[in-house]
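To start, the structure under review is shown below, and the notes come after it.
A, B and C label the chains in the order they appear, each numbered from 1.
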């Protein structure tokens, strides 16, 4: 465990705990952060002694999504894009139960990544925001497919169009969050992880595979549509795209 | 704005407000009403200065659906059917956010049309009813596909089989209504519309397109199944079909 | 009506009432019970005077699912498997409204069968459990497809992975149960059945067919995946499979 990394990985028996570690930037992702998160997931996926992974954030926020400052540097764009793809692939193919302990604000990809988790716990102060439209962008990370399924069409539409915050209790009612907890959410998430890791590993992974059947292909298609739309929008709507890039 | 039309259209910047205007018949649709509603939607869809459309009803009801008195006149059937198809096509292809302000009872197509809206607000006294089965009919307007998705299979089944009223607060819990509001629902709906119309238009429409991907084709298939079933039922079950036609 | 059968069938006008009748074994199924339940459904499906079927359990439990004691006898396995297939086929193809009155614990197939019902009523003390993972098994009876649709992905995942009980009020919130009732649930279920059977029969059955379109094929595919997974698991994980077989 190195304190100067963007993503910390620690362990307890059977469980990999992945912690976003840029609290000063509300755990926003640079290309380096994406790569480290992806690698942490890949290692948890392949390590035979790991049965479950738990993901949380250090500090007040869970994650602010991509670090919009990184977009100021055009040379960084390719690395950001590659890092994002690597994370997404690691999330979509993760074969073991993946549990989120949302300790604070989850914005942009900080929110949409949660749609790839099997169980999302959040503390009462956590909140969620999808500021795509106001940036002149559209839903990403497969969320155009996953969000309406998780929240219903109307809630998903409002979250995406408005950019409004959704508070944790509402997110729990809507189905984005599985459990909204009063205390320290990481404690609850680890307790859940310990319960899951006591079950026969092969049956657990086979169950995840059955329950999510078809999702991988559906997400791949959604990602293609989102990408094509984004390319078209950036071509036509550069002013909107840049407008609020610094505000988050 | 002409007071003798079945459907009024008014505007505020960026917003088209479409008001059903046959309060004496609980805003039920004749062929003329269908055509006027379809045209209002088509104009809002193509007018570049319009970003959002809001639909509401004048008087105590939102809409009682098709005017069953119109069915008394066989000569009207073809026009009713053509008008219905025109409205449905306008709803399904509407490219901008479509918001309903349900001010009272929504029955039959008055209810099933809501499944094509992006956001449905209702006041606390609004209520919903799908009296198809008791008329010897089946779900229409794509609702056989959309209703179970919006409400879950069991709630959808009960709504269709029972013909019972569903009150607005229950409809909000079930997912048919996005927001159930205490005051004048049109005020809230317009406020939501104003918030949406401030977002970059291209991104808003691209977001709707992504979030509803596949829906148009699914609805077309559901409409075919509903039509085929209806034809079969009318052939075999004319007595049932006529039985309660006057009661609504 | 014979008191020594595993499944009792009684009637009132238009309604077939099917009652699981092994209260001493918490209405668990042997091959005989499966066959009797399947036959009761088949008869209700084909009897022209029957419009609705209601299923409940005698005693404290609704059903504990398969009788794990039956697995002690390898000679019984083929009959169990055939009986299960017969029940599942009868459930999936049942053409009339199928209503469950869940009077107590519903475990394993006692729970997953409910996903094939059109309306599930439960009393306040009913509870639900899917102890597949802890037995080294995976979701069955099409539940790998139906459970995430009914409950959402996260609730479905937890129910399957944890083996924890879900209480009736939570099951109602989650969408597994349509109505959670205070009194004797069978009274409510019969009242609902009576209301449904007063509607035109052809329209009711056509409505069910439309609302469940595509489900039969989807379930057939899910059953294939579940079966293939189960075969693979039993080959590799026999010790886990046997481990807790006696505990339920």
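The definition used in the following text is that contacts are C-beta pairs under 8 Å (C-beta built on N, C-alpha and C of every residue); 3 or more make two chains touch, one makes a residue touch a chain.
This structure is a prediction, so every number in the text was calculated from the model and none was measured.
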Category of the chain touch graph - line, ring, star, complete, other: complete
Interface residue overlap between copies chain A and chain B, same or different (over half shared): different
CA centroid of chain A to CA centroid of chain B, Å: 36
Contacts with 2+ other chains: residues of chain A: none
Residues of chain A defined as touching chain B within the complex: 132-139, 144-145, 147-148, 152-158, 160-163, 222, 225-226, 229, 232-233, 236-237, 240, 243
Partner chain C, residues of chain A touching it in the complex: 97, 118-120, 149-150, 175, 178, 195-196, 199-200, 202-204, 206-213
